[in-house]
Amino acid sequence: MSYYLLLSALLFAIGLYGVLARRTAILIFMSVELMLNSANLALAAFARGSGNLNGQAMALIVIALAAAEVAVGLGIVVAVFRSRQSTAVDDLAEFRG
Amino acid sequence: MTTLIILFVVALLTTFVGFFAPAATTKKLTLLGMLAALVGLAFTWGDNVSAFSGLYRYDVFSQGVTLAMIVGALLALLADCDFFERKGWPAFEYYALISFAVFGGHVMASTTHLGAMIVGLEILSIPLYALAASSREERGYEASLKYFLLGAVSAAFFLYGIALYFGSTGSFTLGAEGKGLIFNAAVLMMLAGLAFKSALAPFHWWTPDVYQGSPTPVTLFMATAVKAAAFAALARLVVSVGLGGPWFYALAAIVLLTVFWGNLAALVQGEAKRVLAYSSVAHAGYIAVALFGPNPAPSMGFYLLAYALSTGLAFAVLAELDDGKGVPISELAGLWARSPLLGLGWLTALLSLAGLPPLVGFWGKYLVFVEAAKGHQYLIVALALFAAVIAAYYYLKLLAVALFGKAEKVKPLKLAGSAPVGLALGIFLVVLLGVLPGLTYKLLTLASAVVK
Amino acid sequence: MIHVLIFLPLLFGFWVLLAPQQARAVGLFGSLLTLLLGLISFGGVLSGADYAYQTPLLREAGVYYAVAWDGVGAVLMLAVVIATFMALLAAHDVPPAMVGLSLLMESGLLGILAAQDLLLFYVFFEATLIPSLLMLGLFGGAGRVRALIKFAIFTLLGSLLMLAGILAARYLGGSPSFLLKDLLAHSLGGGAGMWAFAAFLVAFMVKTPLFPLHVWLPDFHAENHPSGLADVMGTLYKVGIFGLFRWALPLFPAAFAAFQPWLLALAALTALGAAWTAYAQTEWKRLLAYGALSHMGIGALGIFSGSAIGASGAIFLLAASAIYTGALFLFAGGLQRRFGTLELRPTTGLAKAAPALAALGLILVLAMVGLPGLSGFPGEFMNLLGSWQASPIWTFVAFLGVIAAAAYGLSAYQNLFHNAPGKPAADMDGVEWQWGTLAVLVILFMGVYPKLFTELIMPGAKAFAALLGGGQ
Amino acid sequence: MSVFDLLMGALLVASALAAVTLKNAIHAGLALVGNFLALAVVYFALEAQFLGWIQIIVYAGAVMVLFLFVIMLLFDAKADVGPNPLPWMRPIAAALAALLFLALAYAYSSLGPIDPLADVKLAGGLPKALGAILYGGWLYPVLLVAVLLFAATVAAVVLVQPQIRKTRIKPQVLERDRELKEVGR
Amino acid sequence: MLLILIILLPLLGFAYLGLFGKSLKEPQPGILASALTGISFLLVLWGVLSGGASWQIKDWLPGIPFSLLLDHLSGYMGLVVTGIGFLIHVYAIGYMHGDEGFSRFFAYLNFFIAMMMTLVLAGSYPVMFIGWEGVGLASFLLIGFWYTVKKNADSARKAFITNRIGDLGFLLGMALLYGSFGTLSIPELRSAINGSYVLPMGLSLAGLLLFVGAVGKSAQVPLMVWLPDAMAGPTPVSALIHAATMVTAGVYLIARSSFLYVNLQDVSYIIALVGITTAAYGALSALGQWDIKKIVAYSTISQLGYMFLAVGVGAYWIAIFHVMTHAFYKALLFLASGSVIHSLDGEQDIRKMGGLKKYLPRTNLHGLAGALSLAGFPLLAGFWSKDAIITATLNYPFGGTGFYVAGLTVALLTAIYAMRWYALVFLGEYKGEGRPHESPAVMTVPNDVLALGAVFAGLLALPKPLWNLVEPYLAPALAHVEVHEMSLALEWGLITLSAVVALVGLYLGYAAFTRWALPKWYQTFQTWSEKAFYVDLVYNTLIVNPLKELAVLLDWLDKIFDSGYLLLASSSKWLAEQLSWVQAGYVRVYGALMALGLVVLLVWGVLR
């Protein structure tokens, strides 16, 4: 079990790295999906470890959440792209200070 | 249950009616719905109901927070001053999304189940991501994208924290027995996730940019309702785990960092909405001060209401002035001369935010500090108060420009639509609750507010 | 009765603000009614009534709306209602809103004096700041925003620290409420008491004001509306000494004992330093500001002496200076009207053209200088007697300021009225006769028959001294 | 810990790394699909069959397709090129990720043994058992998820509406807008 | 009630004349004011004859009554004040004729009388202080009566401020007494001090501080600088305030407090020293003056010095006696000077006078009587009182002989300058322009009365074995000092000696200033003396100007403080600006910072 947990931690960390290192919104968003999945992996692993099905139920809810987020997130990305022909997040720095 | 159902029905109705009816009708419907929710709230006040096998908890704390959210939503609706109509932006969706967000906030505030909580959080957040971009302009997109990306990351933090919580306690309900490193990590990660939503440093970075970029009525809603819901969840989390663990120091560090960072950064802003954004960060810190007391719920609820009224009023004034490109501080000059109602609203709002009696903001501050004092956290109280002095500087500067600054062209400003009602209501409530704080505080202490 | 007295000005204030036609008439009527009520209440207190009333404001948090007139409060109340009436008499050329704001301030001030609950006191204390800020901000001079921010920041720094102190006083001291009597029964000592006391101290040092927290004062007065109305109200708002007397010292006697030598020194240095600084001023209002500051230093010395007579001297001085300092600011307003400037040398030899004005000016200046027989003296004298018992050295230092007072007061007077006649100006007009007569009568009465007031002040002062473990 | 476990782990990590490092967005997206599929397999190994299926259907099948679709729609495949204003971000990100991993790993090292009856209780994570839970104790979140999806739909529609709806705007509203522009600017 | 009436009558006169005086025609204000003063005199007289009175408001200030007391000492003093005051009022009707401030002048004079009577009748120190400051104010107003001339206004201010220095001493002295005894009522203090065996520590300091007050009011060294300048006021003012009454208030204070000083040998010694120093300084300065009034003014300083010498050596009644005789002859001298000035239309320089005997016969007689009395011409009033003082010093146990010799020397000088004054004004040839004219009767008649006093007042108290009415009368109110009785022969020998000294001095003065050519060293002395030994210059350089500079410095310091706070404010702003780079707008940076926050929380929470 702790092997899978370590794996999930590693995936979470990789996802975080992706969020910070990627420079387009869509790739960052993909990295976020990676993080969400790592949470699901942890849930499944914990469920396995304690024999508690609630963990899997939560993981299902999370998948639904992720789907909702994707819908809105991709909507935003498309809208942004439409307005500026790019989804590079570093260009979006009008507000500062 | 009543409130939950009313809010749900309002959300559905506004969506469906919105397809057919003109925006103005939808707006009226939404307002009506919010008022209905308020009535429902009034009739069920003090109830301690739980439903859905205990996943939905309708207690006094949830009622208080919901009251603050509805007040924020009402102000946002009243003060929109035909903002969207004027711009030709999607109008009915605005009302629908706000209704959904209020519903989500209510869900988030009324549960101790982490699964329900995060779904509530998402129901609250997702409409806001869209609302932030509803202006269909560069600034709105930037705000929306920043809010969304960071929000998603923070949701991931929260989720992973939930997973760890489940791992260490075997439960998704707050208040379960748990200890050990995994439990610590779980609490801290959930703390980080909720701190993001309530704009506590160092998770507040989105706040100024998003507040500035979003259309002002949306900002108003974010600053009031969203904060209230996030703090409800935060309070339930902190109360359930107690102040004994390593998160005590984490929370203390977060609070102090927040009040100082928020206030200091606000000093150097040139944009009114941005100043208020940082001020909202700082206020989040003050609200969190209550967490150090033995029973934070009543004072926190009061502060949230007070803050919703005050900052809502301030943003309502800015909404009147906003032409979609923000409100530089210099544009506030001569506000009093251009419209006394706006001037008065601005004055009351800022003095209340600065915490001057006899305005409601003072009692909010007072109550949370009392709470911390009861918990004997005097150092935190003193430092937070000290930071409030810094705050006075920028509030006064905003005030001075608006009231005493000389405008180049003093042209009277006609208020549009329902804005005068919203402003007058806001001013009235800020003063009324400032003079008679007992009116609502009493309500919040009815039952000794079960938070867990 | 007491509520009517406290809130009547508020009512009239809003009336004036909402219906600014006939502002002066309405304002005068309101303040006259208040004055009459104040006189009746004063008479009542003289015959033993205290009009005490108490009801919970925030029952759950132990906050009460508790008001009463004790002797000290009644004396200062009288000073407030008289000074406000006087100021409004004089204010015939101010924007209507100023009249309204002054009335709002009067209400707050009366609340400050009447409050028997620490938090209620704090609420009034802070609430009064708002009209004061507005008056400065809306009608002040060119540098008003800077003056305003300075004033507000200092005040808020003090009062927010005081709020922390208030919380500590109650929750560390274990008092069940914020009522004065409860707090006194649960006095907070030890290290926590020191910190809480220091917090209170800062607040009241700002409001007294005392060196080095006084720098807001000259700008505040110099930038305010030239009519002097705002300055009168600002002078009344200097309730630091009262706060020290009613709250800060009695709540923390042990901490006060530890701080006392330093406080005496601070008060004495304020008294002397401000008096000398006044001598270097080239503008009337700044001069008056520093002069008043010097007097507050002397008053603080009396309070910090911890003796009954010193404390009653301080309170008397506070009441008296409310009138004569206020009247001097109004007088300065008259000069501004005549010469369009407050420079100390707009003209000379004015006594020739305006003998009545010269006489009024002389009486006011002499009251400030502390001439016996005028209202400045009894307070100063009692302060002297009290503070000598606490520290002869600092008393000596502080009262060197008496010499300086003569120097700056008479120099300023001479610059204006004596020497070869310069540009002539009109003598006192009807309005000036009205408020001038009132001011002179009050000044004379307080100087000649202080007994009426000291008799009321003394019981409180004795209780104060007894609480601090001293007195006689 | 079996060879299978190691293999799946390696696959997971490798595909994740590929997803966050590959320059071409389409490649990265494909790597992520791979990662999700591998994860589904891991779910099967963890007695969570239904979860695994859902993972394949929703994630790999729908969500990632949506992603790839958007990437291609926006011709944004070569996104991470061009000047990078924050070149120091990469090492910092790596360091932060590493620290995060270490902290979590340290926390995990304190875990106790597995419940010996765990797989019995999980019943393979089949829909029947899971359904009883979801429509039992978890009914409320499930209902909420429905609301959420509805709200998300509305939100997405708002976002992607290409054009501003032409509505008849009241004349006084227009006048006010002009007024604001005049005075404000 | 009687007592309050004594004060109230002139006060009402002041109020009436101050408010409505403009509407009265000359000389109505003068007559009203004089009448009120006269009635006050009669009331005092009545009070004295009916054996005294007292009146008080208890707890006027907490623990301090407002008490008035008419006993032998205050009665005596009150008679002098109101009596001389009445004469001077009458005189002023003539002197101020035609001045546009006529009614204002009498208002001030009445105010002065009221305040002086408060001072005299005071039964407690605070009440005395009211009068004390009140007469100071009256003095300020009257010195600056012709305020349009800057010099006059400056002099008035200088007088007030210098007096304030003394007043501070008075105040602090009161504070000390109150601290020690808990009362400031004079009778209570008296019984407390007489009743206590061990006097509280610091009583000497109290005595010294009260004396500082007296030094200021009575223009003793080192606070004497204001009195010569005070001559800027109209001459009746100089006569009334700056010669006859107010300046003697210091002596009166010490005499009133004699029960205190009699127990304080050290302080008394200092008083005597200050007294003799002042006497010498005044006499030396008087010698070189050219202004007719300044000579008399310095003479006043000198004579006041004598009085302090007397109280210093414990001869309280003699000091009070001298106060009276001095009041007569000095008022006379001033009024005679005033008459001269009046007749010369404002001329005050004695170098432009001379030979006025011919033009002003009545005034000449007044001047002669005054000068001789001042010089101590045998059998005149001044002779008896001054001789009594000088003789009393011999009884003083601490260096009495030294005081005696010094006193005698000053007496010689006194005679010389008195003669110089008389000789240069009235004898010789008229050196001025214009035609002098004798003053009207309203001015000369009061002078006649004063001249009678200057000549015969000494007869009230003659040395043993002749009659002495004053000492026994005052005895109950004053402390008694046991002295070694000197033999009659010695006493009369000393009297003769001082008579001789006076005559020698008169001759020297007459000879030197009418016949002799003065030696070269005298010219130098003349310059120094005329400038009063440059005390003003020294004070200005050492004290006044540095204090003015200090004020500017303090103002500057205040501004520094101000900018210090501003710096504090701007530094927090600076800090905020330094922090704001973080908020650079890059969402990835925000993410990194959030992650950093989380990592810190986690690492610390897990590894702790």
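Lettered A, B, C, D and E in written order, each chain numbered from 1.
Convention: a residue touches a chain if its C-beta (ideal position, glycine included) is under 8 Å from a C-beta of that chain, and two chains touch if they have at least 3 such contacts.
What you are looking at is a predicted structure, and each value in this text was computed from that prediction instead of being measured.
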Common contacts of chain A and chain D? B, E
How many links in the shortest chain of touching chains run from chain B to chain D? 1
Chain labels contacting chain C and also chain E: B
By C-alpha centroid distance to the whole-protein centroid, which chain wins? C
Which chains touch each other through the most C-beta pairs? A-D
Would you kindly say which chain has the C-alpha centre located farthest from the C-alpha centre of chain B? E
What's the distance between the Cα centroids of chain A and chain C, rounded to whole Å? 64
Between chain E and chain A, distance of the C-alpha-averaged centres to the nearest whole Å: 96
Where the centres are mean C-alpha positions, what is the separation of chain D from chain E, in Å? 99
Taking each chain's centre as the mean of its CA atoms, how far is chain C from chain D in angstrom? 66
Touching two or more other chains - residue numbers and ranges from chain C: 153
Could you list the positions in chain A whose residues touch two or more of the other chains? 5, 12, 15-16, 19-20, 23, 28-29, 40, 45, 47, 49-50, 52, 54, 57, 61, 65, 68-69, 72, 75-77, 79, 89-90, 92, 94-97
Would you mind listing the residues of chain B that make contact with two or more other chains? 115, 119, 122, 126, 129-130, 133, 144-146, 149, 153, 164, 167, 181, 184-185, 208-209, 268, 393
Which chains are in touch, pair by pair? A-B, A-D, A-E, B-C, B-D, B-E, C-E, D-E
Listed in rising order, chain B residues that touch chain C in their complex are 298, 336, 347, 351, 354-358, 362-363, 365-367, 369-370, 373-374, 376, 378, 381-382, 385-386, 388-389, 392-393, 396-397, 399-400, 403-405, 436-438, 441-442, 445
Flag every residue of chain E that touches chain B in the complex, lowest number first. 569, 572-573, 575-577, 579-580, 582-583, 585, 587, 589-591, 593-598, 601-602, 604-606, 608
Touching residues on chain D, where the partner in the complex is chain A: 1, 5, 9, 12-13, 16-17, 19-21, 25, 28-29, 32, 35-36, 39, 42-43, 46-48, 50-51, 54-55, 58-59, 62-63, 66-67, 70-71, 73-74, 76, 79-80, 82, 84-86, 89-90, 92-94, 96-98, 100-101, 104-105, 108-109, 111, 114-115, 117-123, 125, 129-130, 133-134, 137-138, 141-142, 145, 148-149, 151-153, 155-156, 158-160, 162
In the complex of these two chains, what residues of chain B are touching chain D? 8, 11, 15, 22-23, 51-53, 55-56, 82, 85-91, 93, 96-97, 100, 103-104, 107, 111, 113, 115-116, 119-120, 122-123, 126-127, 129-131, 133-134, 136, 144, 164, 167, 180-182, 184-185, 321, 323, 331, 338, 409, 411, 413-414, 416
Name, in rising order, each residue of chain E that touches chain A in their complex. 580, 583-588, 591-592, 595
